[in-house]
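One structure is given here, and the rest of the page talks about it.
We call the chains A, B, C and D, going by the order they appear; numbering starts again at 1 in every chain.
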Amino acid sequence: MKSPRKTGILLLTCPDRKGLVAAVSDFVVRHGGNIVHADQHTDREARVFVQRVEFELDGLDLARDEIAPTFSPIAKQLGMDWRLRFSDEPRRVAILVSKLGHCLCDLISRWRMGELRAEIPLVISNHDEMRPVAEEVGIEFHHLPVDKTTRPEQERKILELLREAKIDLVVLARYMQILSNGMVDAYPDKIINIHHSFLPAFAGARPYHRAHDRGVKVIGATAHYVTAELDEGPIIEQDVVRVSHRNSVADMIRKGRDLEKTVLARAVALHLANRVVIYGHKTAVFD
Amino acid sequence: MKSPRKTGILLLTCPDRKGLVAAVSDFVVRHGGNIVHADQHTDREARVFVQRVEFELDGLDLARDEIAPTFSPIAKQLGMDWRLRFSDEPRRVAILVSKLGHCLCDLISRWRMGELRAEIPLVISNHDEMRPVAEEVGIEFHHLPVDKTTRPEQERKILELLREAKIDLVVLARYMQILSNGMVDAYPDKIINIHHSFLPAFAGARPYHRAHDRGVKVIGATAHYVTAELDEGPIIEQDVVRVSHRNSVADMIRKGRDLEKTVLARAVALHLANRVVIYGHKTAVFD
Amino acid sequence: MKSPRKTGILLLTCPDRKGLVAAVSDFVVRHGGNIVHADQHTDREARVFVQRVEFELDGLDLARDEIAPTFSPIAKQLGMDWRLRFSDEPRRVAILVSKLGHCLCDLISRWRMGELRAEIPLVISNHDEMRPVAEEVGIEFHHLPVDKTTRPEQERKILELLREAKIDLVVLARYMQILSNGMVDAYPDKIINIHHSFLPAFAGARPYHRAHDRGVKVIGATAHYVTAELDEGPIIEQDVVRVSHRNSVADMIRKGRDLEKTVLARAVALHLANRVVIYGHKTAVFD
Amino acid sequence: MKSPRKTGILLLTCPDRKGLVAAVSDFVVRHGGNIVHADQHTDREARVFVQRVEFELDGLDLARDEIAPTFSPIAKQLGMDWRLRFSDEPRRVAILVSKLGHCLCDLISRWRMGELRAEIPLVISNHDEMRPVAEEVGIEFHHLPVDKTTRPEQERKILELLREAKIDLVVLARYMQILSNGMVDAYPDKIINIHHSFLPAFAGARPYHRAHDRGVKVIGATAHYVTAELDEGPIIEQDVVRVSHRNSVADMIRKGRDLEKTVLARAVALHLANRVVIYGHKTAVFD
């Protein structure tokens, strides 16, 4: 496969008004760029405009570090909240996990097979079971057990490790500890969690047990950004699988594992490809 | 298509113990019957056994009205809660509807095309809009508007109509009124409702609006038996469809309509085919 | 529900080159218009650009009949194959059906419930069974039986009926006759067929029987534009449903009916909403 | 999780006749056994009966090695083709792979996480890329490159390796070589392949490219037993995922990878759990 062309990606949101679709494309075209994808969305109820524009850097009459300053006045005038990303930026991901390793294993497999455009320098766990899974492929593993008394101290250590490793994205791959607000604030819109239910159904603990009790015919999994409110952050991706009365809780857990892996991996890949824009407590996913 | 062979169907549930799978098949075989389907389920947590056995009446050495009395002692000994049905029993369905007619139209279309083995003698609505839809295919239509003061009186009339028409199954096809306990008690396990969300998510009013607010990536519909507790009855069938940030509430309502139609029709067909057994507040669906 | 704003819709395809995304939005903005949706796609292998732009007519400094002449020179310069549609144009649909009426019934139900923005003045069938379904809701029904000797004569009559009724779209709702090339040529990209398999699997006759023979675990339905080559036209929509060894051919036919209805209705609604662009022998569906 | 009770599993198929459902359950009950699952299917067109009965060994008045001889006369009388398996039998799986490692990685991850009840002593490949993936978790890896002249010699070596390692199941996890009939005959119903299309659509080479050319809206993957005829063996599992005009061939390959992994893993797990019965060129999957 030939290496993809290098691109810049503008992700932006602003109050809806006339002419927004043309504003960014004008900017790119005026500077000799070629737009390879342009996708936008207007939320009419919220009166919000959301856009993702990807353009080739090759042919642009601006150097990389000139793009943002040149675009800035346009964005300011239109009240835009925006980010500029580059397709070839290095991204560094840390994975937090507890005892259940299926999501961790899956993310590592994908990374090894070249499916995730990122480095994974760090795995942190409150248990020691997943150490060999990380270390045998050369990823640093830290065992930081948590109980009531050690929680603040351990979170401080986690933050230190994340900073030292220059982490851009934290993935909670079945990490069964609730993060403090301090930690969430340190990585705003940069922590992705997988919850093993179809939110908002069965938020909180033991969702498969509660799904089994309720006798539902479909179970699900939800990948979302972590915010201060538990299981209430912006949803990136969800999927479901049918179950029947024949399925025990153990069957649901087994079926759910495949969902969790796939849904989390999709969300992480979408985030790394700069395809997710958060507005309000929702996401626009430009896939 | 040749007419299907006439069958008897035993639906039963009892405490789990050894030998249950053999007990019913023994009974049928001993009387010269041929089992065409036998399906069972053991809920190990609840220690409950659930079974559906369908056997040809042709060749059986018992007349129809001898089957139940002959089986009764076996059932009693094993503590079974059981019903005997026949594949050719006439079934009479009443449909209750408010203003949104897509589920009503769909059920009537299916009935006309021969998909539902039942008669539909009666449509009742708290609005008058659906009158022509019912009457043009010869179904009796009753307009019983409901407000706070008339509710008890109107429910009394509904019950009277259902009794006069010898109704076996009441289908709430987007009937936007809450039934009183008296009505629910009069038709235990014989009222099927379609709720326009993936229960237990978004129980209650305006589920599509709330799904849109939450930013979910999948919406659903749930067909369930009606019990005294709103949206808490045993679930018969659920299904979902993907949505994205692009979908407005109106889009969700439109996409949801197709789900509601299909999920309700499947549940009604499963009930009419004697394929649903209720145990506890759950169902076993032998499809 | 408030009535939606009136819009113009440009559907276009042309060889890919720089600046295309900006060209149409420029045109609209320059004339004071507001783009409410803009969606485009570049097929890199085929080097083809496809776009759908929807803009409010209100506020535009061009009258309806001035838009096309004003846009024409831009389109010509860029080698565009394009169409201009209006959201409030009346559309007239004829439905052709044989004996199986589920798709016909479903389309009529949707039309009555206001889901299809079109008129249905005409149903034509090679059998007489569906006459009441059409006539009871006031749709003209023509019974034109077909055999080897009468085929050319009957097709001539069909074409006459379509022309007299000023039909814009012909829907083959399980019409089990193969159309002649003459008829296909008379309505290019304006005949939609539902095929009861997941094309290209099981093209041709008796797809459910062949799916059952092969032991597949999923069956499907495909809505496509009709071209001279049988079951080879551009696909608009497909969907599938799981089956198992338990499902007889009759079960597959029953399950398939729901698929066929939904897939055909979606394709018809997408076409009527001007959301489908054909390029090569494929479609871009801007939903 | 407590260790599951040890069970025996009878998998059988025979010509349909009266009394079959009762025959096996009688046998088990007569010997003091407890049936924990019993599932059967009658293919009315083929007049074939298929059954899976799982019973606890604990409490049975027969030793393990007495079960088969005691059941044999019953089976003979009814013309049964049958197998007896035990839930705790050790199973040995070899994986063959070429360059694309996602299925191999996924199977190994599942095996490490305890999802597959089997040992994986052997990975064989016609390339050397996957060596570290196997060896770092202690699985023997053999690189046996294949070209026209070496094929027979290499297949001979593969067969030798499989025999030495006492392999029960061969999994072709994207092994891009066609097996000779000799090899297929040596492992009848014991070789599972993943094909990256929704069979029978796009059998043979480059299915994603052909799916992209045809403009399908859904792509799929199929796990099947390998027989002498390419891509024609009994299908165990299939699944699909939606695609759109936006998806390039590379996108389809990426989306397909997740399907391939999941579909293959499900098929392998079903086979290892003794839940698949082959009859004719189809499977009954008792899940």
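The rule is simple: a residue touches a chain if its C-beta (ideal position, glycine included) is under 8 Å from a C-beta of that chain, and two chains touch if they have at least 3 such contacts.
Bear in mind that the values here come from a model prediction, so they are computed numbers and not experimental data.
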{"item": "Joint neighbours of chain D and chain A, given as chain labels", "value": "B, C"}
{"item": "Centroid-based (C-alpha) most distant chain relative to chain C", "value": "D"}
{"item": "Mean-CA-position distance for chain B and chain A (Å)", "value": "41"}
{"item": "Chain B and chain C, separation of their C-alpha mean positions in angstrom", "value": "35"}
{"item": "Residues of chain A touching at least two other chains", "value": "none"}
{"item": "Residues of chain A touching chain D in the complex", "value": "1, 100-102, 105-106, 109-110, 112-113, 115, 133, 136-137, 250, 254, 257-258, 262, 265"}
{"item": "Residue ranges of chain D touching chain B (in the complex, touch as defined)", "value": "18-19, 21-22, 25-26, 28-29, 34-40, 42, 59, 242"}
{"item": "Chain C-touching residues of chain D, taken from the complex the two chains share", "value": "41, 43-45, 50, 198-202, 212, 214-218, 220, 234-240, 244-246, 248-249, 280-285"}
